[in-house]
Amino acid sequence: MSDLAPPILASEWLNTPEPLTLEGLCGRVVVIECFQMLCPGCVSHGLPQAQRIAQTFRPQDVAMIGLHCVFEHHAAMTPLSLRAFLHEYRIRFPVAVDMTGERGPLPQTMEAYALEGTPTLLLIDREGRLRARHFGTISDLALGAEIMALVLESTDAG
Amino acid sequence: MSDLAPPILASEWLNTPEPLTLEGLCGRVVVIECFQMLCPGCVSHGLPQAQRIAQTFRPQDVAMIGLHCVFEHHAAMTPLSLRAFLHEYRIRFPVAVDMTGERGPLPQTMEAYALEGTPTLLLIDREGRLRARHFGTISDLALGAEIMALVLESTDAG
Amino acid sequence: MSDLAPPILASEWLNTPEPLTLEGLCGRVVVIECFQMLCPGCVSHGLPQAQRIAQTFRPQDVAMIGLHCVFEHHAAMTPLSLRAFLHEYRIRFPVAVDMTGERGPLPQTMEAYALEGTPTLLLIDREGRLRARHFGTISDLALGAEIMALVLESTDAG
Amino acid sequence: MSDLAPPILASEWLNTPEPLTLEGLCGRVVVIECFQMLCPGCVSHGLPQAQRIAQTFRPQDVAMIGLHCVFEHHAAMTPLSLRAFLHEYRIRFPVAVDMTGERGPLPQTMEAYALEGTPTLLLIDREGRLRARHFGTISDLALGAEIMALVLESTDAG
């Protein structure tokens, strides 16, 4: 099926014993918080909102994932630094480190999704299709409604 | 059908040319913010949240209504004062003044719904049944999801 | 001395066994929060800041006073309503009800001080002179500094 | 004079063309924000407050300085990372990197001041004496007053 969301290209996964894939999460709504640990809007808005999503929805309905897509200050935002950051901010959901790009500063998943910057929130439906891409801030009320609408969609992949 | 939500018993309606009834709103989700104009939690939390609901959902899906259910300081919270309050706080959705009780301080709709205090948020589904009663605070994320779930229910009243 | 702050013309005092006067408070810095109970900026900013002032400075140094200067919705903001409001918002410092004006909507103290609206914060020094008039919002950091500067002025009224 | 504040032992200074010393700042009140770039309380409370201090007081009265005293996750909070952090959070005041300790995880200035953790705010008077050490949060109103009291002290070092 041609409209599946691009795969997550990760050089490393944190907060999970095994790497995750969108295929493996099929059947659940997947919410991806694309962030950089030194991005003020991610720290004050995007990541706290992601933590509320992880606490509000049932894990069997919604998989909350972080994607650390570093496109600036690469040397300051290494996986080692990210690990300390996640520890200090008590972020427990799985976080993928976006694979370094080959031709420029943008990492590979960020480029595949054509992201404009961070924070960006991606919503992927139960059948693996990208349904929304919110760059910047989105209100909790609208987002709660939007996620629930995806949760309640019947899957008829068969 | 025996489990319909009790009717709104109003002595007066503000912000609407005509009185509203739950029957008349049937087919839409109805959200009722039960408040008192001098209740700090209503002013800081409940009413701003109600305004966000009115701005976030489509009117054909969700009817946002206020219910001024005065159970204390009756002389200070008259309809005349309420009118000034709604003007100053820019509250535009329809507001019913709960009918004064006959046997005590509680107004009649508040008593019929057995409310514990203010703020309380009531959710009524498209078929007119009371589905939730939130006393105190509820997060925007959970509430957005809860309202959307009611919006997406098919009505098969027939 | 000609530059003394105009007197507070009050029709009533709440939260104090006896009416207060600026003369009687001479020797202390006097901070006056001019507000209306149905003014949103007063409720969200001005009055909470006034409560913090009352809690932060020593009473022998700083007298915190409210002035209810109603210039609109007069029938909705009566002393009876104000009393309920102060109770619900747990405002404990003395509050004067500004005397109704004789020629227009502005009450008399408000007119004498040429206030532009509410909230306005007035600062009166230990010798009874008006030293600052802040209409709208002022940051806590700047205000804390400004009040302390007045507290530390030596009084040489002699 | 034996009660002078301990010197700042810095391995590096950022946001200033030349290293600073407390002696060199003598005559001004010095406020030192002791922080770690991955400390959530520093990012949400301490550093924004320090920025407000820098904006509120006159530079000739108050010198605002940061002290990056890393006592955990040393490899994640290097000067290179700190530089990116200061850039992203638009922190413009001078920041010293506390000198790595010789016997344990605590850096040297932190140990000399016997700090309990981060954020800690230090206040040094115009004559170079340590006057306050606030670990955790302190309200803007109380802090504004406290700094102003030091600003208004006459210096009679002679």
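Which chain is which? They are A, B, C and D, in the order written, and residues in each are numbered from 1.
Basically, contacts are C-beta pairs under 8 Å (C-beta built on N, C-alpha and C of every residue); 3 or more make two chains touch, one makes a residue touch a chain.
What you see is a predicted model, and the numbers here were worked out from it, not measured in a lab.
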Chains touching both chain A and chain B: none
Shortest contact path, chain A to chain C, counted in steps: 2
Distance from chain D to chain B - Cα centre to Cα centre, in angstrom: 51
Intercentroid distance (Cα basis), chain D paired with chain C, Å: 36
Where chain D touches two or more other chains at once, by residue number: none
Pairwise touch network: line, ring, star, complete, or other: ring
Residue ranges of chain B touching chain A (in the complex, touch as defined): 49, 52-53, 56-57, 139-149, 151-152
Footprint of chain B on chain C - complex, ascending: 38-40, 43-44, 73, 75-78, 80-81, 83-85, 87-89
